[in-house]
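Down below are the structures I want you to see.
One chain, subunit A, links the two complexes that follow: it is found with subunit B in the first and with subunit C in the second.
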Partner chain A sequence: MSGLLAGLVAYLASFLTNATLYVLFVVGLNLQYGTTGLVNFGHVAFLAIGAYTAVLLGVHGVPILFATAAGVAVSAVFGVLLAFPALRLRDDYLAIVTIGFAEVLRTVVNNVQFTGGPQGIYGYAVPLRDLGLGYQAWQWLFLALVVALTALAFALTEYVVRSPYGRVLKAIREDQEVAVALGKNIVGYKVASFALGAGVAGLAGALLAYYYGAINPHNFEAIVTFEAWIIMVLGGTGRNWGAVLGALIYFGLYSATARYAMSGVGAIAADRLAALRIVAIGVLLVVLMIYRPQGILGRKEDLGLER
Partner chain B sequence: MSAEGKESSEAEERALLRVREARKLFGGFAAVDGVSLDVREGEIVGLIGPNGAGKTTLFSLITLFLPLTSGAVYFRGQRIDGRPPYLPARLGLVRTFQITRVFARMTVLENLMFAAPGQPGESLAELALAPRRVRAHERRVRERADELLRYFNLERVRDQYAGTLSGGQRKLLEMARALMTEPKLMLLDEPMAGVNPTLKEELLGYVLDLRRQGMTFLVIEHDLDMIMRISDRVVAMAEGRVISEGPPEAVRQDPAVVDAYLGPGGQARAAPVDPGPPAGRALREEGRAHG
Partner chain C sequence: MLQFVATGVVFGSILAVTASGLSLVYAILKLTNFAHGDMVTFGAYVALFLNLALGLDVWWTLPLAFIAGALLAVALDGLVWAPMRRRGAGTVAMMIASIGVALALRNALVFLFGADTTRFDMPVQPKVPLGSLPVMMSADDWEVIVAAAVAILGLHLLLTRTAIGRAMRALSDNAALAWVSGVDVDRVIRWTWIVGGGLAGAGGVLYGMTQPFNTNMGWFLLLPIFAAIIVGGIGNPYGAILGGLLIGVAQEVSVAVLPTQYRLAVGFVVMILVLLVYPRGLLGQRSLS
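Let's look at the complex of A and B:
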């Protein structure tokens, strides 16, 4: 009985850590798309860049704090680079460029030596792990760290979005020509928005790498980007609290269809179960789109008012 | 540019806006074909002409939305063509659009506050290092926005999304938003298009009142009666060129203008006695087709 309880507690820690990491990841996407209107279908690339940068630097002896900061910075720099097409391209083409970038990056990571190729990297140092705590205590401590950093990123982006700076980002989303006609030089804002969102994703990537304890290219497939989009749309685009709610619901559903939870249903093979998960999430999305198309925390007006 | 300065007469010096031989080619087609015009401080200048005359293109050239093929644009004595498109508004030259373009998913108040110039809170460094200065400035911007909301009777919709406003309210919001930039010259692109008679009078009242306060206007308008009532001077365009310029009545009766609207045959039919009304009717019909 106590074994079952311990298992549940451990499971809860892992559930919350995963969900919180996705909240952080989505906060970055929300700044880019929800606030500024830049369609980024390659968000997972920034997660990967943050993860690989932090881990590789850590492996080469850079202290974890600096390695993590570098993961954020390098992601942000790639955000700047990818923002340049964003200055010229229409939404649909930007979507193609970003998704292409993420796939190219993953293929490169899969095929070069220094990233460990398809085997990836494992056995690297992880924050708070050398305190002599057991794995479970570490899990909770690490969760606290993830929650704290996510709360910080959340609060900072909220501050920016509600400031005059955020007003410019929103105006770019609504009608960038008019924003220019009213005297704003929007170039820097678009680049900064993309870079900040990428940096936040980079932080999520570094933390994800520490949490997994091993990374490989499979962790960074396109589906991760779309999970982030699902969470964002579920919660309500442009609302950061929506990301929290969306992540909890998404992972709640994911867990509810997990092997342990479904064991009572009968002998379902693992691969079928995986397929069933996707079905369940699809059904959830369809239901949501019917009854609450603006997302759970979205404002109804948001929909009718898109140009 | 210095040579140009020497040549310019005193009248030109007083001109707020000077356009010289502006030309815009789209492929081989000259949408604007050598247009020169001046707008002096405190004036209301009407810009008329049939569809396709190049009026809106000229607006886009003046506001640097489109690059000139050749020619020059001076605003307050400074040559601005070739400069970035956000510059005109910062110098005091702002435009509104033929079809209103409000920021739909921002509140009416946000629409206005956005347009205020020189906001420290638009810089991340200031946000991080001088939050008190940002807040103080934000308060002043909000006060100014509230003032304009009162002036334009939009207080009731202050916190609504701009996308929920009626067509008339959008026109007012767009004008208020343009005023937030603290302009010297406003370019209004068909402010009366698709507007009911009551609101037309209201808009007219605002334009005249703002002029009394020192504002200068260049107005594209299809409603000829309206343009005759508000303009000090009218410039008529057709096929990318200025075909007539002067006091409203003179321009209205200029055979070249009547020709442009009705075709050469139209003049024979309508002209000798009173070319005004038929032209006016043609304009109104066109305006509807446009809207």
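Let's look at the complex of A and C:
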């Protein structure tokens, strides 16, 4: 009985950590799309850059705090580099360029030596692990760290969105021409917003790497981006609390079906059930976009969906 | 080197077929359809089923895959795109929905056929030298090029010589004017999907004739297809043909100097470079006429 309870408690810790990491990841996306209207279909690239930068620096002896900060910074820099050529173009070009960037990045990570190639990297140091705690205690401590950092990013982006700067971002989303007419440097604002979102994703990536204890290119496939989109659109685009609600619903559903997906039901093999689950994700996304594109908490008038 | 160019032309012809359909859909519907690659996969798997389960020769599956792709596209329009148009959904909402369609379609195929790499049951043909040139091509390679050329010629004749083609061009140039002039918009949209989905389905079969494939093929083709339509000028099917050949040749020629895994990246880099110099693509956009 106590074994069962311990298992349940451990499961709860991993559920909450995964969900919180996705909230953090989505907070970055929400700043780019929800606030500024930038369609980033390659968000997972910044997760990967944050994860690999932090881990690789850590492996080479850089203290974890600095390695993590570097993960955030390098992600943000890549955000700037990608945004500059793409943001001068229209929405659909940005979507294509970001999706392409994420796939190309994964190909590169999979094929170069220093990232460990397809095997990836494992056995690196992770925060709070050297305190002599058992794995269970560490899981909860690490969860507290993830929640704290997510709350920080959450508060920071809320602050940015409510500031005069954030009002310009929303103006750009609503009507770019008006922002231009007011003398705002649109490209500058867009690039900064994109970079900030990328940096937040980089932090999520570094934390994800610490939590997994091993990373490889398989962790950074395009589906991760689309899971983030589902969570954002489900909870409410442009609302940070929407990310929390979306992540809880998404991971709730995910966990509820996980037992069947692991073992298979009757004659249906596990990999086919996993495919069926992604079919359901796809259908959910379509249904949401038809009937409630602003999500549960979102306000329709807040969204540049009419363009 | 010439060998890489030849392989590139074969791959580029397939890209041209699939990309011109995507570009046509964009021109008429203003929809950036991320599910297009998976419609290509769908065509290949329809052909695979006909070929393996019913023993049909692959060449006979080509028109059937065209029809299946067209039917799928028309069905998806009824289920997804028409309701979105009625509700006045914008381009971004449609783009996000197309991602959902892509995920659902691809994984429905995984559910039905599994994710393993597969191939058509067709005789292996020897590659023979092309005249005195250092280029080896099989009969299938030539047939793929000819089939692609026929499909593209058909598209050209449709756009320039038929009433529905003229209506398509009118709609892409000025939707409001076309509507006021009495163009039956619903009918044009239906034909756009028939042609776009059909070309995607047929393109999938052509791809499967040149190499083994799995349910991810459409996802991997999507980047070069988008690169092709952007290089050619988005919304311009003729530009997509030019772009398809350019990207196809660029990707294969890169194999001479780079590891083969980077082929996809090469198409992407070519796209970025073209965008930096010609933001509207080589042939400009919105010029169906």
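As a convention for this text, the second predicted complex is superposed on the first by the 271 of 307 C-alpha atoms of A that agree within 3 Å, B and C clash if a C-alpha of one lies under 4 Å from a C-alpha of the other, contacts with A are read in each partner's own complex, and residues count from 1 in each chain.
Here is the rule we use: contacts are C-beta pairs under 8 Å (C-beta built on N, C-alpha and C of every residue); 3 or more make two chains touch, one makes a residue touch a chain.
Everything quoted here is computed from the prediction, not taken from an experiment.
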Subject >> Contacts of A:A192 with subunit B and subunit C, given as first, second, both or neither >> reply: first
**OP:** Pick one for A:V168: touches subunit B only (first), subunit C only (second), both, or neither.
**Re:** first
Original post:
When the two structures are overlaid on chain A, which partner does A:A181 contact: first (subunit B), second (subunit C), both, or neither?
Top reply: first
**OP:** Please work out whether A:L4 is in contact with subunit B alone, subunit C alone, both, or neither, and reply first, second, both or neither.
**Re:** neither
Original post:
Can A:V160 be said to touch subunit B (first), subunit C (second), both, or neither?
Top reply: first
Subject >> Partner, of subunit C and subunit B, that touches more residues belonging to subunit A >> reply: C
**OP:** Find the residues of subunit A that appear in the contact set with subunit B and again in the contact set with subunit C.
**Re:** 304-307
Subject >> Contacting residues of subunit C [partner subunit A, same complex] >> reply: 32, 34, 80, 83-84, 87-97, 99-108, 110-111, 114-115, 219, 223, 226-227, 230, 234, 259, 261-262, 264-265, 268-269, 271-272, 275-276, 279
**OP:** Name, in rising order, each residue of subunit A that touches subunit B in their complex.
**Re:** 159-160, 163-165, 167-168, 170-171, 173-175, 177-186, 192, 299, 301-302, 304-307
Subject >> subunit B to subunit A touching residues, read off their complex >> reply: 63, 65, 84-90, 94-95, 97, 101, 103-106, 110, 113-115, 117, 119-124, 127, 134, 138, 141, 161, 163-164, 177-178, 180-181
**OP:** Would you mind writing out the residues of subunit A in touch with subunit C in their complex?
**Re:** 37, 39, 41, 85, 88-89, 91-93, 95-97, 99-101, 103-104, 107-108, 110-111, 222-223, 226, 229, 233, 271-272, 275-276, 278-279, 281-286, 289-290, 293, 304-307
